[in-house]
Each structure stands twice: as structure tokens, then as C-alpha cells.
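The structures considered in this document are given below.
Shared between the two complexes below is chain A, which has chain B as its partner in the first and chain C in the second.
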Partner chain A sequence: MEIVKPLTQYLAVMLLSPLLPGVINRVKAFFGGRRGQPLLQLYFDLYKLFLKTPVYSRTTTWVFKAGPVVGVSALVAALAVLPFAGRPSFLTFEGDFIFLLYLLGLARFVTVLAALDTGSAFEGMGASREMQFAVFAEPAFFLGLAALARVTGQSSLAGMFGALTGDIWRTAAPVLALLTASLLIVLLAENSRVPADDPNTHLELTMIHEVMVLDHSGPELAYILYGAALKLWLFGSLIACMVLPRHSGSWALNSALFILMMLGMAVAVGVLESIIARLRLTKVPYLLITAFAFSALALIFQMGR
Partner chain B sequence: MLLVLLSLIILVLSSAVALCLGRVPSRAQDAGAYGAAAASLAGLFPALRTLLTGNTETVSFPWSVPLGSLTFTLDPLAAFFLVPLFILTGLSAVYGVDYLKGYAGKKPLGLAWGAFNTLTAAMVLVFTAGNAVLFMLGWELMAAASFLLVLFEHEKPQVRRAAFIYLTAGGAGALMLLAAFSLLGAGSAVLDFSSFPSPSRGIASAVFLLALCGFGFKAGFVPLHIWLPEAHPAAPSQVSAVMSGIMIKTGIYGIIRVLGFIKPWEEWWGWTLLIIGAVSCLLGALFALAQHELKRVLAYSSIENIGIILMALGLGMVGVVCGADTLAGLAFAGALLHVMNHSLFKGLLFMGAGSVLHAAGTAELEALGGLAKRMPRTAPLFLAGSAAACALPPFNGFAGEFLVYLGAFRSLNSTGSIALAGMVSGLVLASAGALAAAAFTRAGGTAFLGEPRTARAAAAHEAGPLMIFAMRALALLCLLGGLAGPFLLLPLGTAVASGFGLNFALAATEAATVPFAYVSAGGLILLAMIAIAAAKRRAFLGGKKPAEGVTWDCGYAAPSARMQYGASSFSQPLTDFFQPILRKLGQYPVISEYFPGRASFSTETQAVLYNSLYMPVAVRIRDLAFRFSWLQHGRLQIYIMYIVVTLMGLLLWKL
Partner chain C sequence: MHTFAELIIVFVILLDLALAVTGSLSSCIRLVAMQGVVAGLLPLLAGSGAPHTRAVIFAVVIVILKGAVFPRLLMRARDKSGARKDVEPLISYPASILLCLGAFIASSWLGSRLPLPQANVAWIVPASLSTIFTGFLLITTRSKAITQVLGYLVIENGIYIFGLALFVEQPLMVELAILLDVFVAVFVMGIAIFHISREFDHIDTAELSELSDWRRGEYGK
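And then the complex of A and B:
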């Protein structure tokens, strides 16, 4: 019986995450005065891509093919430590968020190597920027989670979010608000959303994540797109767990609420993307340093409490 | 214990045989490599047994040297350093047979093998010595043998320069160690480690500082690291692997040993280690990102990893002083585990870099590229080593850092200095991890992926079978080390108990057992997911034949290697951002017309500390020394007079 709930949660994430980019796109279309693509567009795209025959550059080696495979596997494995509506998944242990952090690092590592394998200047450029932003985003993300660990007195993700109640929000609202802001900035940067990156632009010189995967096609591209959707879910669910502490004792109700919350997250990202402009590339590190400062401030507040 | 002595004897004998057979390079190779491999096998067994049983064995022989005794001690702490030593030197010797083949007839291979086996023997002596005089003998032998190995390609001026910097650093360190041991054993008849009296507080602090500097010159943390990025790349690659993988750890071993003699510790000692470690960790990773030569990248990465180890030790000491046993135990266990893990993956990486050097004749990143096609066996091994160096699961690098993180988080719910220490350590680990990932994707990506940038890289060939074998063995150990976490806790626990105390070992084992099991499970899940995703991909492709073409490059049909992103361009955003620290020199073209002509650009990452801290001091000392040059004129009679005057003076002073 104990295995059923985590398994259901796991499968729900696997199935629902491609919905988030669809929601974001519809919101952006609404702001642009268009109807936009179907909500399920990413599912259709994935289906189509899986059936397609890929094209490989003669420059590339096995690294190019292994990149998407390992990248998506790292994210799927990361889901095993990701709580769902504040409930633990399969792997919940002391320090599990470090494991999560390094799995994300693995996904980035192989994506960057696959990009460099094409020998293309554009993809090299994207890879270089990805690593640059990671240097600023990772400490911010780490410090944010560390602060949360201190607020809740727990050292596993599920423990932290499980212990996060309305009471803590009442007593430590400034700390939690700062952490939410910091996590939100990290989400936008890590998922290559505006203002750090623009998933819609077709000017390669300004892109980061999109430009790294220019040469991928077929099943590999499907893996990459699916991995990106999982990553968006992963970061989004951390924020959703932050702002929606568990209320009722019913698992089904909580889960339904949580999924609604995730869709709300996607709407919020869509709104943000529609109303703010993309930052100049050279300014992105400062945005991430701001996130770091928020996390650090939260930690200092918490230590002083 | 006797087997360890046997391995010492094998090493000394094979070293002598290799030296004598110098005329016949292939024989010398055989003698050296078989000797080193046999010694490894003989030594590995007792070291592993000691780790599993936790017993300490001591043998002692009389020795006529004043203050000395031939006391050898094999305790779990020493065994924990001996295991990577024997693994790495054995495999390096195997690797060296193929690597050095090309030098036969051009270089004195007998001397190289003699020095290599002497270096190994000296390190065994350092780890097992139970007497300060014996320890210093091993220590100086180690410095001398490795100096000879660094000088292997002495016709190159930069190699000679590197070797002399190394010799000077080693000498300075040894002087401080002599002072430290003299202070520790003041008044004793024999300087046995087991008979050091408990020092007074002032003496203990002085010993701590002297040992930190003395061992620091060997361990190579900032600011005592200046020799490391010069000497490691200069040595033959299997020697670089041994030097970076295990020789610099003798410094860490020494610090842990001396810390055992000067208990109880003071809090500022822990903070000193923590801060020096944190600075080394960050600067090492940052400078690794800015290097243009593969082996220099790896050398700076070693500084980063030594920093991690030192920082974990410091965190543990702060924990001990503040009474947080679990934190201290986890930090100590993390430090030791990282010693083991770093020696495995850094050995692998230096061998990979050696294969590149061997195949392409250069390890300059901007001259490489596309080696994954030309060296299909080496490339995955190097990339696996890189992933381990970035502490990415499922490789071993993650396990040690994870223990330090666990320790750091144990401090979160306490207050005061210990919470601060934990927070700083965790943050530094996370930041350095991101920098290291940038450095290693850059190094691996430019060397192995894309198109070759020069004809030499295009003509590269695969490494020899013995080289591949040694690298495969290390890569396998890196993977196993990442997955076998729960099984490592027993040997780790005995080592922590022998080095720091039983209570820390028990606390760490108890705290780490469950998380380590989960990390291993997570690693296995990851591998399973990779297998499933790869199988799915193959199923989707079915029988379809993928099309081939040029890299798309946004529609440009004739991409060339010159258009690729190079190592400097890859790291430029970060190195520009950290320019106030890196202070790289560069010349950039200024484009003022619409149709610019030929342009060139150059950057150089200088050794900032060497130029701005050491050189001015060295110049001052030299100038001062020149004032007394009239004392030194080459006339033997007057030198003898100096001796007589000194002896007379001593005699008068004694009266």
C-alpha cells in the first residue's frame, strides 16, 4: 500500500509536466492577443519527434547522442527525491536536496558536452553561457534550500516542505517571502525563461538553452524537450510547496490542490514573461546575484531569530 | 605489517635493478614496472586487512641514528592512505610502460624507473614511519625522487624552472617540519611518535602553525601552492598522476598525524584550516577555469580538491571544539573519503591528459579538438573522470563531498560559530562545484569534442593497451566508489577512529549509514533510467537509418574548426567577471572599420601570487644575500678557517 501513493505521484509528474509549457504559451498568446497553440502542443510535438528519423552531424560522436539520454535520465531520477504536495517520494533522506542539486548538475554537464560535440560556434556560445549562469545560480539555489532547512529544522526536501505550515508562514513570513523570490529567480534562469533567456527568440546570439540544442533532432530532441518540461515542474513544485503549505489530511484533495497550484505557477510564469522584457545577457549574472542576496538575507534573518 | 615491509624491500630492490639496467631501456622498464606492480599487490593486502579489522601493528628495529628508531606502524589511518597509494602507483607503473616506450634511447629510463620506485618506497615510509627521524628520511627521499622525475624533460627551460621552484618549496617545508618535530619531542631521547610528551599550549600552537606551513608546502594549498601548477605538468604523466593523486596527500596525512599529538585543539586552528581550505577550493577552481594547458587545468583542480579536504578537516575541528561529535565525525569522514576519491579520479584524469599528450604531442587546449573520434577508448574514460571530479553522481567524487555537506547541515540547527562554519563550508562546496563543472566541461569539451583545431590533433592516435587498461581500472573504481557507499563506511569508520577518535567514527557511521544507502540507491536508479532511456531511443530509431550532414550552424554550410568555440572563448564570460582576482593579461583587437582585416588576440593567465607575493620577497632575499657574497669567494683555505672558527666558537659557548 505504501508504494502506491509515491508511484501515483511519480507517474502523475511524468504525465503532467509537458502540460506546463502549454499553459505558459497560452497565457503568453493571450497577452499577445493571439489564440495560441493547443494546450497539449508539447505532447503532440513529443509524439511526432519520437517517430522522426534524426539527422546527425558528421562532426559529432557518441557524446552528442548520449547527452539527451543521460540528461533526461538525471531529471527522471531527480523526481525520485522530489516531494509531491509536501509528501515524500521514493527517496527521502537527510541531505537529499544535495543529491537533487548534483543530478541537475549532471544533466547540465552532459547537455553542455553534447553541445560542444557539434563543433558549432553557436552551440559553444550557448554552452559557455549556461555554465556561466550556473556558477551564479547554483550557490543561490543551495543557499535558499539551506535557509529553508534552517527555518524548518529539517534536512530532507520532503521533511522541509512537510514541516512548512501556515504557522511558520505567520512567524517567519519575511524569510519565506525572500526565499520564494530567490527560488523564483532561479527557476526563471534555470529554465531559460524571460528575463534570463527567451525560449521564443530565433536570434541564436541571444539564446542560451535553445541554442545548445540546435543540432538535435528526432528522439534526442524529444528527450531534451521532455527533460526541460520535467525541470520546469521540478523547480515549480518547490515554489508551489513553499507558498501552499499542506492544509487538509486528505491525500487526494492535497494532490488536486497541488496540481492546480502548479498550473497557477505556469500561469504566473506566463504572465511574468509577457510583462517583463528580457535582460541584456551581461546583466543576467546580476539578477542571479540578487537571488543569492535574497537567500543570504533570508538565512541571516533566520539565524538572528 | 611484514607484507608492507616486503613491498618496501621489493620497491628498493627493483629501483636499484632498474638503475643498473639503464643501458637496456626495455629491461629497465620491466624491472621498474614489475617491481612496482608486485609491491602494490603485496602492500595492498595488509593495508586492506588493517582497514577492515582496525588493528594496529608495530615493528621496531634498533637504529644507530641519534633520536631515531626503525619503528614502523601500520594503523588504520596509515592504511587508509596506503590503499590509494598502492592502487595508484601500481596502475601508474602499468601505464608508464606504454607511455615511456617512445622515450627509449632518448631518455635515461633506468633513472626514471629507479626514481619512480624510490618515490613510491619513500611514500610508503612516510605513511608507516613511527619515528620522526624515519619520517623525515622518507619525506626528503620523496622530495628528491620526485624532483628527479619532474626534471625528466630537463632540456626544456620551463621544466628546469618548475623543478627548482619545487625543490625550493620542498626544502622550505622540510625546514619547518624539522622545527615542528624538534618542538614536539624536546627532551625526549628518541623521537618516536608514540612517546611525544603532551605539549604546553604555546608550544602546541607553534607546532600547529609550523606543521601547517611545512605540510602545506607539500599539500599545495593556497598560498603555498605555487610549485604545484608548475611541477605537475612538467613531470611525465604517470608521475603527475602519482604526485597529484597521492603525493600531495602526504601533506594532509602529516597534518592529521601532528594534530593527534597536540590535543586538545583550539577553535582558531579549525577556523584557520577552514578558511585556508575554502580559499584554496575557490581559487583552485577559478584558476583551473582560466588555464590553457590540460595538465595545468588538472593541477589547479588538485588545489581545489586539497582545499575541500582541508576545509572539511577545519570544519571537523571546529565541531570537536564546540562539542558537536556527529558534525565532526561526518566532516572527518568526508575529508578522508575525499582523499581516497580524489586520488582515483585525479589519477585517471592525469593519465587521460598523458594519453592526449602522447597522441597529439601537445596538451594545449587551443591546439586540440575532435580527439573523441581519434581516441575512442580514452575519451569516455576522461569524461567519466571529469564527471567524478565535478562530484556528479553516480561517480565517487560525490560521496566524499556529500559527507561534508551532511556534516555542514548538522550544524544548521545550532547557534554561534559552528553554524557559521557549516554554512561557509556548504556554500563554498556548492560554488566551487559549479566552477569545477565549468572548468571540466571546458577542458574535456575543447580537447575531445568538435573538430580538431590543428593538424597534430587531427593525426592523433589511440593510447597503448596498457595505458587504456590502467585508466579503465581507475574509471571502474570511480564508479564503484560512487555506488558502494554503504560498504565504504566500515573501513572509513576504522580510519576515522584511528585518526581522530572512536566517538567520531561511531557518530559518523551512524549518521551516514541511511543517507549513503539512499545515495547508492539513487545512483542505481540513475543508471537504470539511463539504460531504459537508451533502450527506448534505440526502439524509437528502429531500423531507420539516421541521415548525416554537416553541423547545422544556422544554415552556414561550410563550418570550419576555426569557427568553433575555443577554450578561451568558452570561459571568457566567467574569467572576465572574475578578472579582479584572475588578473589575466590579454591583447584584444580593436575593430574600428566596417571591413576589418586580419586580427589576432592573446590571453595569458599569470600565476598571480607567484608574481605579486613570492617574486618580490625572493628578490629582496637575493639582494640581501648578495651583500654577503664577499663571504663566498671559492678559496678553500678560508672555508676551512670558517669551520675552525665556528667549532672554536661552539666550544667556547659550551664551556
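And then the complex of A and C:
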């Protein structure tokens, strides 16, 4: 019986995460005065892409084919340590946040390798940008999680978010507010959302993430799209666990509240994307350095308490 | 109440970071004004119990001076000088923000070593020291005369917050004297900047190192 709930949570994440981009797109369409795509558009897209036959360029090797598969597997594995509604998933151990970070790093690495493998100048440019921004985003994320570990005195993700309660928010509100802000910036940057990148643009000169996946097609593109949705869920749920620390006794109620919170996160991201403009490419590192500064401040604050 | 005061301290530090990365002169002026107002309100929140009447009056005076009068004067000086509207830093913005962070780390170390009476609110000493450092940063790494005035104001904010760590209510005469000093300084700087820009067509301090009859191009340049 003990394994049923974590498995249900895990399956729910797998099934629900493609809903988030749909919600974001609907919110953006609303702000733009359009009706927008159906909420379930990503599910349709994934279904369509899985039926297609992929096309490969003659310059590519097995690295190109392995990239999307390894990338999505890394994210699927990363979700196994991710807490759901402040409850542990079925895989949890001390220091698993480092494991999570390295899985995200692996996913990025294989995507970049696959992009370089195409031999296309555009994809190489995208790969370079992705790595450049990762240099700033990863320390911010890592320091943020380290500060959270320090606040709660736990070193596993499930422990950290499980130990967060309303009381901690009352005593350490400045630290947690800084961490939430930092995580939100990292979410926007890592998921190629608006101030850092625009998921809709298909002009290579301005793209970061999208340009790396231009040559993928068929099921491999489906893996990439699905992996992006999982990544959005991953970062979103960290923030949702952070700002929703209240745990009532009932598992069903908690989970329902958490899923609602995730949809709320998606709406918030959609609103953010609608009301702010994309940053100039050279300014994106400033944004990420700001996130790094927030995380570092939170850590210093917590160390000195 | 103290959590609220702590939030304000965090806000002051975030304003320091914002000052280190802001490129536009007018938003720099606004940020400094905001910091002054926030610092002025801090003694009302940091004390225990209801604040003294004198403290309230004093806070109101500070808020009016730092929040309305100084920004007005500085904006006027900026408009009159006809200079470019950005701060023209000598080092890059990321370097500024990293210096600010380093200053905060150093000042939290220093704050833990200084033999001071136990402050009511955590982080007052590191916040004030790093605010003072931000003021120095503005003075040394920005190339306009007007940002030097701004740096001076930020240092004054830092000193004011540092005073809170020692006494919740500062001796009135001391604080009034400082305020008068700053007021005169801003006033004089405003006039001086106006004159400098009229004489030399710019307020860039790097250009002020040459004598006026030392014409550019005549002596080997």
C-alpha cells in the first residue's frame, strides 16, 4: 500500500505536465485578445509526432538520435526524487538535490551535443547560448537549494519541502521570499520563457533553446517537447511547494490543492510573459546574475541567523 | 513587527543591489530616494512599543527631505546639466553586483566581529555597512559628478541605519546636524554641477582632470 500513493503522484505528474504549456498559451492568448490553442494542444501534438517517421540529416550520427531520448530519460528520472505537494516521491535519499541538478545538467549536455552533431551553424549558436546562460542559472539554482537546505536543516528534497511550514515562513520570511524570487527567475530562464527567451519565436538570431531542436523531427521532437513540459513542471512544483507549505492531514486534499497551485503557477507565468517584454540577449546574464544574487543573499542571511 | 523590520532591511539591501545595476540616472535618483524613505521609516518599526512623538516628527522630516526635496533638486541638476541620461559606469554591471555581494559577505563577517550592543533587528549592521560600501562604489565607479552626490546620499543612508544599531532613537541634535550637512551638500553640488556643465559642456569627472587651457590635441594627445 505504501508504494501506491507515490506511484499515483508520479503518474499524475507524467500525465498532467503537458497541460501546463497549454494553460500558459491560453493565458497569453487571452492577453493578446485571441482565443488561442486548445488546452490539450500539446497532447495532440505529441500523439501526432509519435506517429511520424523521423527524418535525419546525413551529417548526423548516433549522438543526434540519442540526445532527445537521454534528455527525456534524465528528466523522467529527476521527477522521481521530486516531492509532490510536500510529500516524498518513491525515490528519496540524503543529498538528492545534487542528483537532481546533475540530471538536469545531463539533459542539457545531451541536447547541446545533439545540436552540435547536426553541423549547422545556427544550432551551434543556440548551443553556445544555452551553455552560456546555464553558467549563470545553475549556481543560482544550486545556491538557492543549498539555502533551503540550511533553512530547514534537511538535505533531501522531500525532507526540505516537507519540513517547510507556515511557522518557518513567519520566522524566515525574508530568506524564503528571496528564494522564491530566485527560483522564479531560474524557472523562466531554464524553460526558455519570456524575459530570457521566447518559446514562440522561430527566428534563429534571437533564439536560445528552440534553435537547438530545429533539426529534430517525429518521435524525437515529441520527446523534446515532452521533456520541456516535464522540466516546466519540475521547476514549477519547487516553487509551488515553497509557497504552499500548509499540509492538511488528507492526501487527496493536499494533492488537489497542489495541482491547482501548479495550474495557478502556469497562469502566473502566462501573465508574466504577457506583461513583460523579452530582454535583449546581452541583458539575459544580468537577469540570471540577479537570481544568483538573490540566492546568495538568502544563503548569507540564513548562515548569519 | 521585527519580521517586518527584517523585511525592510532586506529591501534596503536589494535597493543596494539595484543601485549597482541600474543604468538610468533618473531611476538611480528614485532608488536613492526610496532607500532614504525606507531607512527613515525604520526607527518607527525597530523600537519596541509605540514610537515617541519626537521620533515620528523626525521620521516625517527625513521622509520629506530624502523622498521629495533631494530627488527634486537632483532631477533639476540632471535636466539642467544636459548630460547623457545614463550613469556611464567604469566597470560592467555584473562586476558591480558581484562587488556588492562581496561587500555584503565582508560586512556580515565584520558585523559579527564588531563589539556592538545587541541590536533588536537582525542584519542592521551588515546592511548598513554594505549600504555604505555601495555608496563608495557609486562614487568610485561611475563617471558623472551627479552620481557622486548620489553615492554620498547612499553613504548617509548607511550611516543612518548604522546609528539605529546603536540607539533606536538617535540624539536629535546629531541627526539634525547630519541632515543639514547633507542638505547643504546636495544644494551646493546641484549648483556646482550646473556650473561645471555650463563651463565644460559635460559633467564627466574623468574629463575634469585636465586644466582648461590644456587644449586637447596640442600637447601630444
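What we mean here is this: the second predicted complex is superposed on the first by the 305 of 305 C-alpha atoms of A that agree within 3 Å, B and C clash if a C-alpha of one lies under 4 Å from a C-alpha of the other, contacts with A are read in each partner's own complex, and residues count from 1 in each chain.
Quick note on the criterion: a residue touches a chain if its C-beta (ideal position, glycine included) is under 8 Å from a C-beta of that chain, and two chains touch if they have at least 3 such contacts.
Just so it is clear, the structure is predicted and the values come from calculations on it, not from any experiment.
In the superposition on chain A, contact of A:P285 is made with both chain B and chain C. Of the two partner chains placed around the shared chain by superposition, chain B is the only one that A:Y223 touches, whereas chain C remains out of contact.
A count of residues in chain A touched by chain B and by chain C gives the higher number to B. In the superposed pair of complexes, A:T61 makes contact with chain B only, with no contact to chain C. By the touch criterion stated above, A:A252 is placed in contact with neither chain B nor chain C. Once chain A of one complex is fitted onto chain A of the other, the partner contacts of A:L7 are absent, as it touches neither chain B nor chain C. Common to the chain B and chain C contact sets on chain A are residues 285.
Residues 369-370, 372-373, 376, 379-380, 383, 387, 390-393, 398, 402, 405-406, 409, 412-413, 415, 419, 423, 426-427, 430-431, 433-435, 437-438, 440-442, 444-446, 448-451, 511, 514-515, 518-519, 521-522, 525-526, 529-530, 532-534, 536-537, 540-541, 544-554, 559, 561, 563-565, 569-574, 577 of chain B touch chain A in their complex. Across the interface of their complex, chain A is touched by residues 3, 6-7, 9-10, 13-14, 17, 21, 93-94, 97-98, 100-101, 104-105, 108, 111-112, 122-123, 126 of chain C. Residues 50-51, 53-63, 65-66, 69-70, 72-74, 76-77, 80-81, 90-96, 98-99, 101-103, 105-106, 108-109, 112-113, 116-125, 127-129, 131-132, 134-135, 137-139, 142-143, 146, 149-150, 153, 155, 204, 214-215, 218-220, 223, 285, 299, 303 of chain A are the ones touching chain B in the complex. Against chain C, the residues of chain A that register as touching in their complex are 170-171, 173-174, 177-178, 285-286, 289-290, 293, 296-297, 300-301, 304-305.
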